[in-house]
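Structure first, commentary second.
Note that the chains take the letters A, B, C and D in the order they are written out, and that residue 1 is the start of every chain.
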Amino acid sequence: MITFLVLSLLTLVGGIITISVRNAVHASLGLVGTLLMVAGLYATLNASFLAATQVIVYAGAVMVLFLFVIMLLDANRPVEDANPLPFIAPLAGVGGAILAGAFAILAFTYKDPRPLAESTAALANGAPGPVGETLLTRFLLPFEAVSILLLVAVVGSVALVQRPAVQADPQTQPGAARLEGEVA
Amino acid sequence: MESVPTSYYIALSGILFALGMIGVLTRRTAIMVFLSVELMLNAANLSLVAFARAWGDLVGQTAVFIVMTLAAAEVAIGLAIIVAIFRKRETTNVDDLASLKG
Amino acid sequence: MALYWLPLLPLIGFLLLIVGGRWFSGTSGGWLGSGFIGAAFVVALVRFFGLSDVPAHETLWTWLPNMALGTGGVSANLNVGFYLDQLSSVMTLVITGVGFLIHVYSISYMREDARFTRFFALLNFFVAMMLILVLADSYPLMFVGWEGVGMASYLLIGFWFAGHKDHNAADGVNNSNAARKAFIMNRIGDLGFMLGMFLIYKVFGTLVIPELAGQEGTLAVTSRPLIELICLFLLVGAVGKSGQLPLTTWLPDAMAGPTPVSALIHAATMVTAGVYLIARSNFFYDLAPGASMWVAWAGGLTALYGALSALNQTDIKKILAYSTVSQLGYMFLAVGLHSYTAAIFHLVTHAFFKALLFLAAGAVIHALHEEQDVRKMGGLAKSMPFTHIVSLIGVLAISGIPIFAGFFSKDGILASAFAQNIPLYLIGLFVAFLTAFYMGRWYFLVWRGEYRGDTKLHPHDGDAVLSAPLGILAALATVGGFLNVPSFLGGGHVLDNFLGRAIPVHEHEILASTEWLATLIAVAVALAGLGWAFYEHRRRALQVGPLGQFSFQALYLDRLYTAVVGNGSKVISRGLDTVDNGVDGAMNGIVSNVGAPGWLVTIWQSGFVRAYALSMLLGTALIVGYWALKAIGGGL
Amino acid sequence: MIHFFIFLPVLASLLIFLVPVRWREEFAGAAAGLTLAGGLWSWSVGGLSAYSINWIPALGVTYSVQMDGVSLLLGIVTAFMTLIAIIYAGKRIPNPGTMLSLILMMETGLLGIYAARDLVLFYVFFEDALIPALLMLAIYGKAHRMAALIKFAAYTLFGSLLMLISIIGVKYYGGSPTFALADLQAHPVTGTVQTWLFLGFLAAMAVKLPLFPMHAWLPDFHAQNHDSGVADVMGTLYKVGAYGLFRFGVILFPDAMLELRPILMALAAFTALYAAWIAFSQTDWKRLLAYAGLSHMGLVGLGIFSMNETAMIGALFLLAFQNVYTGALFLAAGMLQERVGSLSTKVGGIMTQAGALSGLTMTLWFASIAVPGLAGFIGEFSILLGAYQVSPWLAFLAGLSTIAAAAYALTAYQTTYWQVRPAGAVLAHDLRDLDWLILGAPVAVAIFFGIYSGPALALVQPVVRAWMNGLGGGV
């Protein structure tokens, strides 16, 4: 219980940092913290392989990508111009509070369907073997679909970021034609 | 070792989700909006894992893998879009991208 | 020969000539068209001699829903059918006979025209429609012919829609306007005709004429005001078609068409359709003394109007046109007084002498290269002796000089008026006097005195094709009257007796001596009119007739209509157009007011992604919050 | 067979994009021709009997179709004019694939409207036909097409939504298990509710009739459509309000129609006269024809509303055949525009150069102004005669429109085709090859059915009789 409380507290702190600090680099570092804490929570939930993946893929690879783009675009400057939607922040606060409160209330109406000890045993500690088996049997089709999606995403991002190649216009380079002629 | 009830995890997930939502709404840089979206995704993942434990079924955890993959794809495309837009318009402010006005 | 051959033959001619106009070179199209009319005339003759006391009634195919008598409370569908009795037989003879002569005449008259074949196609079409009109066994079928002849008249008046010869723009506009005016004024009459049919159907449940005529029992018990109303409606139709007051102004304008058209349509046949309609509906009019009086007075006043307007016209055809209006007035006067046979008799003789006069006028116009102003004519008797003789016969016939056709027919009408209605008789007598005068004026101005026109022209009689119809018509105008010689002159009322087998003949009790007196008065009046014209001619004062502008402008009736009805409807039309835009605008106003809340919504559609996301958040929060509240409520 | 007849065009409209560009006209023509052949075959076997199957059982929606005499007559006329329009579109519109597809799609909608024996199905087809009409205007229209489009869509949708509410209400208040006409007829709605539901239904039908004051979309719709007049032909065919009133209104709302009869007849008669009078001062052929068509529709409405057998037969007759000659007149106006580049009624003297075009146009005009012996007369005469039995004064009022019709038609005709061609104006060439068919076939139909109306009457009359008897002799 103590572990959970500490981890959740740190998760929330990380989340608050993420959404509140002005510097983008700091915010992403806050997110990294949150992700690590969530990985810890996964571990308390008997999802060890998932926790590892969370650290490696999310906190590692994805966040590096984020930082990379932030640096590339020099986007860690906060936005300076006037906010055209001044009413959003308070409304978002109110809405978010209602949402959070409502979720919390709904969460505490939830009763575990069976004793946790019993169900925890069935998870086999979330080891890579059983998880992989599920993924490649019952989830084979989604798995393949997601694979294709990833491929498309990779191709797509490359295509999006690529600058159009400048094509040589023979008419603007009269020399080229002449050279050819000379060769002939 | 005593187990923390699922409700706690779900409540945490809900609060985290709301936090991410507020971030999406209040932050004006596209990058920051993305970070907040990641926060919301993690909140959702957390609840999935918590329910997986409650039912003793690995399906919940497997679903999280797929969501993670989706998130990775989304980040790749999303960041590429941001870069492309930045090249074209020299900004990452989402409020400048209001051409969908009805 | 079945009856349908009568209209079918000219229709075939029409189709051949309109579809295959370019197959017929030169005048062959004209000969073909005339041939079809001639064939129709032969059919009419065959049927005429085959007539018995039982009218021929031949039905063909189903045409209109529910408009005939059926059995068992369900009305039957109306068939297309033809009906031939003595009345329609006489009409078919006149139409095909005079029609044939005018066709032949046109071959010569229209020879120079670029659309020669088209002209004959339309003439054939007209004859076909006219035959349908007179042969129809039901009012709707008669209406087919009725509007069909109107259509043919429209097309023929507007035959030179782009101006004659030199494509004169103003001429084209005038001709087109004249054609349109004729059609629209006819339409006004047609609405009356239609309303008459509707009322007939409402009362009797059928529109088949023999069925209606056979319903003596129902007719006798039908309330008189209804029958009077039916007769008045039909009168409106007849007035429109026959150019009677108040729908008379189109007929003089119709002279814009080629002269054979004026002769055939606007003198001999179509304009008499109104008379035919009333004669055909005699079983109604016999029961409607009030409406009949209206008919008689419409006729009497129109006769007067036409005669007054003819006094000071300068156009050779306009004089004849107003004369036609006036003569049609005589016929209406007669049918109004239930002297149907007298009216039909005058119709026949009028067809002869008026066609003759028009064709003679056409010959003059032709000889003078489209000159129509009588002030620029004169002395033509020397250069066109044959045409002069036939014209003289025509003038004598229309003036009512004894032995010529007009004398007998007009005398019959005046006699019946004398017996029934003295004021109308006096009007008729006065009109006879005026008729003799203006026809005398026409004659002296055109044929006598000195030639006043372009001296470069050398007028001469037309060729044989042009002259032969004139000769035949002149002969008919001379002897046609002997068809129906009254008994006091030793005749046997041949036509009256013949027609009497189909339509009622009302005998008038007049002493032979009185009748002699009346006849002598009529002849004296006619001679006086001619004499007056001769006197004026000697004074060389004929060029300006009496009454001046008042007569020349046809009593200003046309101007009145143009100012009030013509311009009025244009103004109303523009006004309604504006109103319609207003209706549109009002609808738009409603729409934009309804759409106002929509504008509020568009504020929210600002295009800011975050604003949309906020909407999502608030919506989600609302739903989830509601669940949460419900959960608490349920949990507690 | 009935499904073939209804859905063949829409099938072709989709397949046309698979066909090589240069064969598309022939393909569309073949499809339309086949549909027409299907219609004529159905006629030869005396109509197609009812076919009904559950479509959305949960909502009580059925797929019920039938081709009885009235449906068949209107369907055949639709198929005929669609074929004519396609032949003309292929000739006149460059790269006409899209237009041909839209025309065929609309044909299915129209045939469905006539065949539907289920209110919801009717509604579906009713809206289905709207979409191609809007697209034609949007894609091929003129400069101000968007305003016209919005107006058209707004009027139509406004009416349609009220109709939808009525349709639901009819089932709900009547307690019928399905929306099929037969079921609804067995569970009638009575009393005041019927009147209100009828008003809702009427809203849609009054827009599509159209009836004053719901007509304002019509002139703009026609004036802004493509010069060729192809879309106008389809628009003319789409004026199905009178049919809807006949097929559903008379059956489902007999009391309401009787109760409102004087008002509706007055409105219809007024529409007829009003539109004819306005047409008199139009100087654009399309607007003129729009108002002329509106005037005819006023007469059709008069016939339907009078609830008199003869008038109703006449109204359906006129509804069917005015499509032929009004549609053909739109095409004739398109040909005029093609030759002189203007739709003005003041160009003058066309007949001196293009005799056959002018002659055929004139014949169509005579049909349009109800000269006897042509198809328009039988309709108008029967309507006026029937209406006179119910209300003489209103018949007289509507009858005045026949005079006004002569005035506007002949005035416009004479200033366009008669009189003298202005000096230096373009030379208008006469009809060429397919033009003959495009104008000649409608003229032939107008003449044939004007003289020998038996076949068409045999289709319409029994249905109307049965319909009126179904009312229990209430009239």
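Quick notes on this structure:
The rule we apply is simple: a residue touches a chain if its C-beta (ideal position, glycine included) is under 8 Å from a C-beta of that chain, and two chains touch if they have at least 3 such contacts.
Keep in mind that what you see is a predicted model, and the values were worked out from it rather than measured.
Looking at A-C and B-C side by side, the one with more C-beta contacts is A-C.
Here the chain at the heart of the structure, going by C-alpha means, is D.
With centres set at the average Cα position, the gap from chain A to chain D is 60 Å.
Taking each chain's centre as the average of its CA atoms, chain B and chain C sit 90 Å apart.
Between the CA-based centres of chain B and chain D the separation comes to 57 Å, rounded to the whole angstrom.
Within chain C, the positions touching two or more other chains are listed as 606, 608, 610, 614, 617.
Of all residues in chain B, those touching 2 or more other chains are 21, 25, 28, 95, listed in ascending order.
Residues of chain A found to touch two or more other chains are 84-85, 88, 91-92, 95-96, 99, 102-103, 106. Which chains touch which is summed up as A-B, A-C, B-C, C-D. If you check the complex, the residues on chain A that touch chain C are 84-85, 88, 91-92, 95-96, 98-99, 101-103, 105-106, 109. Only residues 21, 24-25, 28, 94-95, 97-102 of chain B touch chain C when the two sit together in their complex.
For chain D in complex with chain C, the touching residues are 151, 154-155, 212-213, 216, 219-220, 274, 277-278, 280-282, 309-310, 313-314, 349, 351-352, 359, 366, 371-373, 377-378, 381-382, 384-385, 388-389, 392, 395-396, 399-400, 402-404, 406-407, 410-411, 414, 418-421, 451-454, 457, 460-461. Against chain B, the residues of chain A that register as touching in their complex are 1, 4, 8, 11-12, 15-16, 18-19, 24, 27-28, 31, 34-35, 38, 41-42, 44-47, 49-50, 53-54, 57-58, 61-62, 65-66, 69-70, 72-73, 75, 78-79, 81, 83-85, 88-89, 91-93, 95-97, 99-100, 102-104, 106-108, 110, 112-114, 116-124, 126, 130-131, 134-135, 138-139, 142-143, 146, 149-150, 152-154, 156-158, 160-161, 163. Against chain D, in their complex, chain C makes its touches with residues 18, 61-67, 77, 80, 140, 143-144, 146-148, 151, 154, 158, 161-163, 167-169, 172-173, 176-177, 179-180, 183-184, 187-188, 190-191, 194-195, 197-199, 201-202, 569-570, 572-574, 576-577, 580, 583-584, 586-588, 591.
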